[in-house]
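Structures for review follow.
Look for subunit A in each of the two complexes below; its partner is subunit B in the first and subunit C in the second.
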Partner chain A sequence: MNESTSQSESGQVPIRNSQSEFRNSEMIVFDDVSKFYGEILGINRVSLHIAPGITSLVGPNGAGKSTLMNLMTGLLRPSRGRITILGIPTDQPEQLFRKLGYCTQFDSFPRGLTGEEFIRSFLLVHGVERRKAKELTQVALERVSLVEAGKRKMAAYSKGMRQRIRLAQAIAHQPEVMILDEPLNGLDPMVRAETIALFRKLAAEGLHLIISSHILHEVDMMSDRVILLNNGYVVAEGNVHGVRDEMQDRPMQILIRCDKPAKLAARVFDKDHVVEARLHDDRLGLFVKTRDSDRFYLMLNSVVAEGEINIESIAPVDDDLSAVYQYLIGSEGSNS
Partner chain B sequence: MSSSTIDVKPEGIEKPPLPWALWWRQIRAIFRLEIEKNFLSRRSILLYLLALIPIVPLVLLAPFTPPGDEWQDFGRYNMIFAVYYGGLILRTVVFFGCAWIFMNLFRGDMIDRSLHFYFLSPVRREILVAGKYLSGLVTSIILFTGTTILAMLLLYLPHFPSESSRFFLDGHGLGQLLTYCGITMLACVGYGAFFLVVGLFFRNPIIPAIVLYGWEWLNFLMPPLLKKISVIHYLQSLTPVPVSEGPFAVVAEPTPAWIAVPSLVLVTVLVLVIASRRIRHMEIRYGGD
Partner chain C sequence: MAVYEHTYKQYLGKLTPEWSRFLVIPRHAFRDVFKSKLFTAFYVVCFIPLLVEAILIYLHHNVNALAILQVNVRELVPIDATFFETFVSLQGSFAFFVALLVGPPLVARDLRNNALPLYLCRPFSRTEYVIGKMSVLLILLSGMTWVPQLLLFLFQSYLEGFRWFIDNLWIASAIFIASVVWILLLALLSQAISALVKWRVVASAALLGLFFIPSIFGEVVNNLFMTRWGNIISLGALIKNVTSGLFGTFVRSTGHVIGRNGRIVREIVMTEPPLWASWLVLFVICAACLALLSWKVKAYEVVR
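Coming up: the complex of A and B.
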């Protein structure tokens, strides 16, 4: 991640725009990490510095997202390279899991426990005192809106409830780093929105949240930055818009809504950075593809100033995660 | 001269004290979770059935004395029990019971895909091994010493009530009963450690369990040196009533209790150290990308 690691809105942590402002002891660091399962590649030569905030891992199935997460949590050991989480090596679980919570994808639990017992039992395993464990359990259940259901056996939970109780267990000891593997799976739209809001709140409190998700528009909505993975390699990383800007071989597509799109087309067409201008089907807009969006916006400013064409709106069409994903990884994974 | 009497220690040399209180809390928490699983999960049904195997025939025999001279003579009951205990309780029930309990401590969690909850806790893996082993040990000891006690009482009391009362209250009965219980406990200690490690190293632990079962049963045919590489040899050395192993048995001096007991405990500790090292480097791969 090379630039812009701005915090979430209403952040209590001072906003530091450059990653270089963070020390390694505040970041998740992958130093030339590879993981092979025998002959099969998990991830290859990954070097990352992940600052606080929400970072999403995006990629098709088998891209290496879960491998990356399991490596971060020490469930897997790297074949090569070194990983530290806030300065702690991942082979020291005694220190690591005081600061880290991991909500895995595995939809399984110790049998016969209620949600409350499940969370409390593992807080006790952490070494938390009994009374404190009870308090923390309540806080965690409240955060995922499962206070009532917490008294029921988990065997009777719906998929969404199981997902939430796992999330509660991962946040119960109030970690500084949370790793969440597909945390929105199985949640209904209402709970999804609540959960995303919770993530944003946790990020605003200065936590690291590493989230893998298949739902690109949700990732786009909640992430401060993304890491795009494909076939075990990091294809791109950073702020979505920053990543999109870097893709100079892919001209930026912009839709301009205006009253005289044909006239505007004539104006923009002779610019050397504009590679395509096409009228919208409803003839009230113009699609423009440009290699230099900054120069294009400057030019539009002068058009507006002249007052001959009335421009209603300007919107980049492919400046989102879906487009970036499509360009870098291809259509194959875009829906996965 | 006010020469420096202050003991200056370079920073970072003194290690912080070991967090025994924390470890003990963690062991207790793991123990509680595991003991509940051992006694109340679906897997424990098989364990209860196994523990009942030696009891059922004795309950059926209780209302009447079976034919045969040996059953009419109270003096021969200690030999009957010694054979029953050695053949059925120790070599079969305790052996397979420990196999089931201890192999499942880790393997069961892997099958249930719930081991990662422990691995994602700030617990030294050695503490995890200790907590789980302790829970297995307590479970097996409660079940199988229970079986041992019940079996002995059910053999003696229904057929010769007054002689049996005297035997247990005034004679050697109580001593024998406690010795058998002690042997059962030691068997749980030894077999437990072995099966815990087997559950960690083998995807299908049944095969090594059967190999060990064969090894333990064929122990009587082995030369004295090989006999000592088994758990059963040390346990048999402790039995209060020696049982003949048949005409083909290779006779070897029993190991004295002061060697047998510490040897078993020492081997158990070594095996648990191996288990701890194994689990320290263990990865969880029951899910893919």
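Coming up: the complex of A and C.
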């Protein structure tokens, strides 16, 4: 492997699961950061330690997602606090942008350029030598499956291709941190799946991917962790399931598919951690709300062991990002 | 999900010098600009006065050619400071129209499409971006003003001799400074307007208006108050004064005769603003343009 290639022999390498196992120089660190636009609050007192992997920023419009992204890229300066990206303060663009790639939502491309020329030009702005820039352009186009289209003028690109060429320009200089603003917008399902797979591959290689998205089920599917923002404050941060588990005031909803839901309802009602039990409309399932899911699952084990009720499936109904979002941010953001 | 050990390596190869990176911007802009055949034709037309200038210089030193054309050398315009000043001013007028065609969309297009983050999320500062955009005009306009003018000055020196070159070296510096001041003013003004007005046509109209409306107003002031101080708000007059000053042809006070029925009623001495005032106003305009660019050229304009 030469000095500039990014291909990894990934997959067969040690794993570090916990955020605490990373040093600050390997993480994106927000230390008590606030940003005010005059008297208007952008974000307030944000402290974060973001480890490699896919981190999604979620929140309604005006929550502070863009502010957070722009602060990370150094395009905005914090009013208070300090931000470092892999140990580099964001006010040092020369070093910062060697490590950081930004895929904005812009939809403007220099007229008359082909995809290849577009990526190569911005590599030259990065200071990459002409010959090397050509090589890196090909690598980036391959990554976003645009090798053939790269020779065509961008004016003829579809929305999905434009989205991918944006992504290619962000990864072309082989950054270690990628900040992606709505990268899945306008992509058809196939390309969307390919792009998510690419994100997962990059994350597996140890990249930081910070993604803002409004499509909650996709965020849920691809993210290692989420940062929920509302009104400039971080409402929750971490793994979705971990966040959901910590919401003790919101009982967990579980759907149990079984042959005797009424009987099961009678069994679960006398448990103090069960707050609600409701039959499914087709009368072949039971919705249960419990404050302690672990105890509830233990109880279900004993029901299964007794063999009186035949349980087909057990699935948490609100252990996903949509539910967490709904609970923490409410309906004000659900449409955004 | 598990996070894997860091196996990805960033690009650590050789880098080009920081100062040269802004050149990527004019390279693409030139390709874009010269795609228009109309513009290319106009740019070529801009060189016709230079051709005339070259012919005049040549004729001055070619007896055979004069004989064929049956022209006496005294009938030709002398090759002196006024000769070069005239052509510098003429090229300046062409430069204005080139700036009008090329300048307005340069920054406006990026601002309109929120494309500035595309440039600024790289090791590329706002200053480098502005220099890159301005260099499009600076290079184009230099190519049709001071560069060919200095070549023609050298041509004249070659034909006239080394003594003439030494004695008139100050003309070369006047050609250079007058042209650079003019193209710098054009570049800054068109960039500032381009940053302020996001639509090309409106930006072009604004640039045109900025040159002509104050000039008209200044002329009204001049005629009403029998003065030349109205020129202080006319960009054209300011540049003319500065250029004249550099070529040593600036006359501050001019007599103006008011007559009625063939009789002299009154003679008034009209006084131009002093040269330092013209320089000062140009400096203030350039500073204002820079301040405007610094205010508008930002990765994000936050509107909440």
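The rule is simple: the second predicted complex is superposed on the first by the 320 of 336 C-alpha atoms of A that agree within 3 Å, B and C clash if a C-alpha of one lies under 4 Å from a C-alpha of the other, contacts with A are read in each partner's own complex, and residues count from 1 in each chain.
Just so it is clear, a contact is a pair of C-beta atoms (placed from the backbone, for glycine too) under 8 Å apart; a residue touches a chain by one contact, two chains touch by 3 or more.
Just so we're clear, the structure is a prediction, and the values are computed from it rather than from any experiment.
S.K.: Let's test your reading of the overlay: on subunit A, do subunit B and subunit C clash or fit side by side?
M.R.: clash
S.K.: State whether A:224 touches subunit B only (first), subunit C only (second), both chains, or neither.
M.R.: A:224: touches subunit C, not subunit B.
S.K.: Tell me which partner A:251 touches in the superposition: subunit B (first), subunit C (second), both or neither.
M.R.: neither
S.K.: Should A:77 be classified as contacting the first partner (subunit B), the second (subunit C), both, or neither?
M.R.: The answer is first: A:77 touches subunit B but not subunit C.
S.K.: Go through the superposed model and pick first if A:136 touches only subunit B, second if only subunit C, both, or neither.
M.R.: second
S.K.: Counting residues of subunit A touched by each partner, does subunit B or subunit C come out ahead?
M.R.: C
S.K.: One more residue to check, A:65. First (subunit B), second (subunit C), both or neither?
M.R.: A:65: touches subunit B, not subunit C.
S.K.: According to the stated criteria, A:206 is in contact with first (subunit B), second (subunit C), both, or neither; which is it?
M.R.: second
S.K.: Quick check on the superposed pair: does A:102 touch subunit B, subunit C, both, or neither? Answer first, second, both or neither.
M.R.: In the superposed model, A:102 contacts both subunit B and subunit C.
S.K.: May I ask you to decide whether A:174 touches subunit B, subunit C, both, or neither, giving the answer as first, second, both or neither?
M.R.: Second partner only, subunit C.
S.K.: Applying the document's definition of touch, where does A:51 land relative to subunit B and subunit C: first, second, both, or neither?
M.R.: A:51 sits against subunit C, while subunit B stays out of touch.
S.K.: If the two structures are placed on top of each other, which part of subunit B overlaps subunit C: 6-14, 24-32 or 258-266?
M.R.: Stretch 24-32 of subunit B has C-alpha atoms clashing with subunit C.
S.K.: Residues on subunit A in contact with subunit B in one complex and with subunit C in the other?
M.R.: 37, 42, 62, 66, 70, 73, 75-76, 93-94, 96-98, 100-102, 104-106, 108, 110-112, 121-122, 124-127, 129, 169
S.K.: Going by the contact rule at the top, pick out the subunit B residues touching subunit A in the complex.
M.R.: So the residues of subunit B in touch with subunit A come to 22, 25-26, 28-30, 32-33, 36-37, 40-42, 112-114, 116-125, 281, 283-289.
S.K.: Across the complex, what residues on subunit C touch subunit A?
M.R.: 1-18, 21, 24, 28, 31-32, 35, 109-110, 112-115, 117-125, 299-300, 302, 304
S.K.: Going by the contact rule set out above, which residues of subunit A touch subunit C in the complex?
M.R.: Checking each residue of subunit A against subunit C gives 1, 3-6, 8-11, 13-17, 26, 37, 40, 42, 51-53, 62, 66, 70, 73, 75-76, 93-94, 96-102, 104-108, 110-113, 121-122, 124-129, 132, 136, 169, 173-176, 202-207, 224.
S.K.: Which stretch or stretches of subunit A touch subunit B in the complex?
M.R.: These residues of subunit A touch subunit B: 37, 42, 61-67, 70, 73-77, 93-98, 100-102, 104-106, 108-112, 121-122, 124-127, 129, 169.
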